[in-house]
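In what follows, subunit A forms one complex with subunit B and a second complex with subunit C.
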Partner chain A sequence: MTEQDAIRMTNEVFADSFEIPKEKLLPEANIFNDLGLDSLDIVDLVVALQKKFQIIIRSDERVRNIRTLGDIYQFILTIKKELNK
Partner chain B sequence: MRILKIAYLNITFYFLTVTFLLTCLPALGSLIIIFALIFPKRIVMKRLRRAISWFGAVVIKIFPWPLVRLSYKDFSESNIPGPYLFICNHRSASDPFLLGILPYEVVQVVNIWPFRLPILGVVAKIAGYLNVRELPFETFFIKTTKLFKEGVSIAVFPEGTRSRDNSVGQFHSAIFRVALESRIPIVPLCITGNENIPPVGSPYLRPGLIKIHRLKAITWDKYRSFSPFKLKNYLREIIIKETALMDQRNV
Partner chain C sequence: MQLKRVAITGVGAITPLGNNVNALISGIESKKSAVEYIPEWDNNVGLRCKVGAAVRMENEKLIPRQNRRSMGRLSIFAVQAAEQAVKDSGIKTEQLTGGKLGCAIGSTMGSAESLAEAFEIMAADKDISNLSSTKFFQCVSHTAAMNTAQYLGITGYVLAPSAACASSLQAIGAGFDLIRLGKQDIMLCGGAEGLHPTVVGSFDVLYATSSNYNKEPKKTPRPFDAKRDGLVCGEGSGILVLEDFDLAKKRGAKIYAEIIGYNTCGNGSHVSESNREAIIFCIQETLKSAGLNPKDIDYINAHATATIQGDKEEANAIREIFGDSVPVSSLKGYIGHTLGASGAIELIASLVMMQKSTIYPTLNLEEPDIDCQGIHHVLQLEEKKIDILLKNCFAFGGINAALICKKYGV
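Entry: the complex of A and B
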């Protein structure tokens, strides 16, 4: 998976599951303060990401460190790389 | 002159509030105990919650008058039967008292600080007010759903904390998840003018006009297809637009 794929597919999750306009989906956007997600929405986000990328991240401690959309792109890429090893 | 007004306002307000609290509370407490011996718990709770509303209305409408005035406008238009979920913006510590103007049995979902208020915190706890910080979502869901089924309206400040710049903060989604399951009419309640009554971090009230606009209820037919995220932002947008107009108009 390329970085562009990770960005495109993550943005699709935000657009489809949360109906957030694409112009707001910037790598530096804070998912809490800028995009308006809360802890319960994060649960929905994790489920949607798992479905989209066919991965299991629910119990991954690194999810707790995610703050920005860019963090999610990098997290997805890291997970995918780990799976391909 | 302004300092004198503020001093007069605060001396009279706090004197009357404390006196009222100290004289009415023993009477109310005795009445509730007598009620509890005679009537079922449901009726006792109903009376207690209405008594809290009356207390809030008296404290905020009468004690600071005429230096603090209250303007309440009801734009709800239709008579959709309750109970309701009131969604309010949050600028001041006076917000929970303002909800006393609502003519219903209401339980407020509040942050931890109102429970720490002397006397009032204990009364709020007895009346079943919900501390959103201490409840896991599952418990919150069960308690709020039960209240709606009993016909009790719920008022929530979904920002969770007071705004420091009059903007409307991001909303928490917990109560909107309950609304989607309970199919309850949601009423936006917009409050402006009380950002200095009192200001954040100060106990001192300033003179001013508090405006409350009750907007048209949003029924389940309208929001049934929404996700919790979309629903919370839909309500937030409505409140942002209305409070901006209320701030501009200054009426």
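Entry: the complex of A and C
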């Protein structure tokens, strides 16, 4: 998976699941303060990312450190790399 | 203790005939049936009834996503009907959040569509990891009340009577009691229900649904008719604003009617078979609570869903109490049986009849069944002054409810 794939597919999750306009989907956007997600949305974000990328991250402690969209892009790429090892 | 008087000061409805009260009334006045053949239901093995009365949902995206995510179909209907009712009543935003305004909104169960989705997600592999965070809030039995209260910022009582087809009349009765007792000044009351094949199936397995008119959907349901063959499920929501009469008058509110009597009771005999004696007891207790005699009632809006047994028991109960002197009609032929919403939606239409001094006939009632005779069936539109009306609701589980409204100023 390329970085561009990770960005595109993650942005699709935010547009489809959370109805966020594409112009707001910037790497530095804070998913809570800038994009308006709350604690319930984080549960749905995990479910949507699992489905989109065919990964299992529900019990992954690193999810707790995610703050920005850029953090998600990097997290996805890391997970995919780990799976390919 | 001096009980307070209770006024109805606002109404709102989402119905298979349209998404506001005017559309509902306009459909009824044009003798329109909202019942349609639903081709997708052919995929449900064993389902005999293929007709239903669906709402054309619209404007749901006007509800912000973070409110909407916990709403299934029925909660969206409830919120939209409640918004209409609040606007109609003219109550102010600060009253919604002041602690003396509550809501009682019932349904048979949580969103049937959401429940089916949740089971599909969880049951296949016994795996909950793909369940969304808000599916639970769509599925719970108090979903309509909870979502309406959250959306409008209601901080008073939040109740969710769940008594199948009597849910919304029980909700209105609960609001009536709370205001009478001085516990709340204003209550948003009513019910909501969503149409889904699993809901139809619950009646279908009991042979309580209509199945002979799948190719002629406009001819069913046929309340009290000799050729009736069961109920047709509908969906929607009806919400009424109930208000302390004196406070309503003080603020110059438009008053549709005053609620003057209510009763609900169990039949103590059978979960699915209506019982004439229990219906008679319920209506008589309602009359007693209003201090009225049968001759005081000008119109009865019947429950009459078009089941063989239910219609017969209701007609016989009405005959025993009222004889053939009081006009009786059912609205199920127009919008199907909206289950937990039916009491509220049909009461709202009955209040319009009261306002217009007009009684809408029972659609599809062509030849009253021999089992349902001896009462004054309304076959054609009748003009009659309605000062006092009675609304009936009878539910699976053997739960009956009845409510009496009096025209304002009478």
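We take it that the second predicted complex is superposed on the first by the 85 of 85 C-alpha atoms of A that agree within 3 Å, B and C clash if a C-alpha of one lies under 4 Å from a C-alpha of the other, contacts with A are read in each partner's own complex, and residues count from 1 in each chain.
The rule is short, and it goes like this: a residue touches a chain if its C-beta (ideal position, glycine included) is under 8 Å from a C-beta of that chain, and two chains touch if they have at least 3 such contacts.
All figures in this text were calculated on a predicted structure; none of them were measured in a lab.
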Exercise. Does subunit B (first) or subunit C (second) touch A:Q50, or do both, or does neither?
Worked result: second
For this session: Name the contact category of A:N33: first (subunit B only), second (subunit C only), both, or neither.
Result: first
Exercise. In the superposed arrangement, does A:R58 touch subunit B (first), subunit C (second), both or neither?
Worked result: second
For this session: Classify the contacts of A:F18 with the two partner chains as first (subunit B alone), second (subunit C alone), both, or neither.
Result: both
For this session: Have a look at where A:D41 lands relative to subunit B and subunit C in the superposition and call it first, second, both or neither.
Result: both
Problem set entry | Common interface residues of subunit A - those touching subunit B in one complex and subunit C in the other | 18-19, 36, 38, 40-41, 44
Problem set entry | subunit B partner contacts - residues on subunit A that touch it in the complex | 17-19, 32-33, 36-38, 40-41, 44
For this session: Write out the stretch or stretches of subunit A touching subunit C in their complex.
Result: 18-19, 36, 38, 40-41, 43-44, 47, 50-51, 56, 58
Exercise. Which residues of subunit B touch subunit A in their complex?
Worked result: 137, 170-174, 177, 227-230, 232-233, 236
For this session: Can you check the complex and tell me which residues of subunit C touch subunit A?
Result: 65-66, 69, 129-134
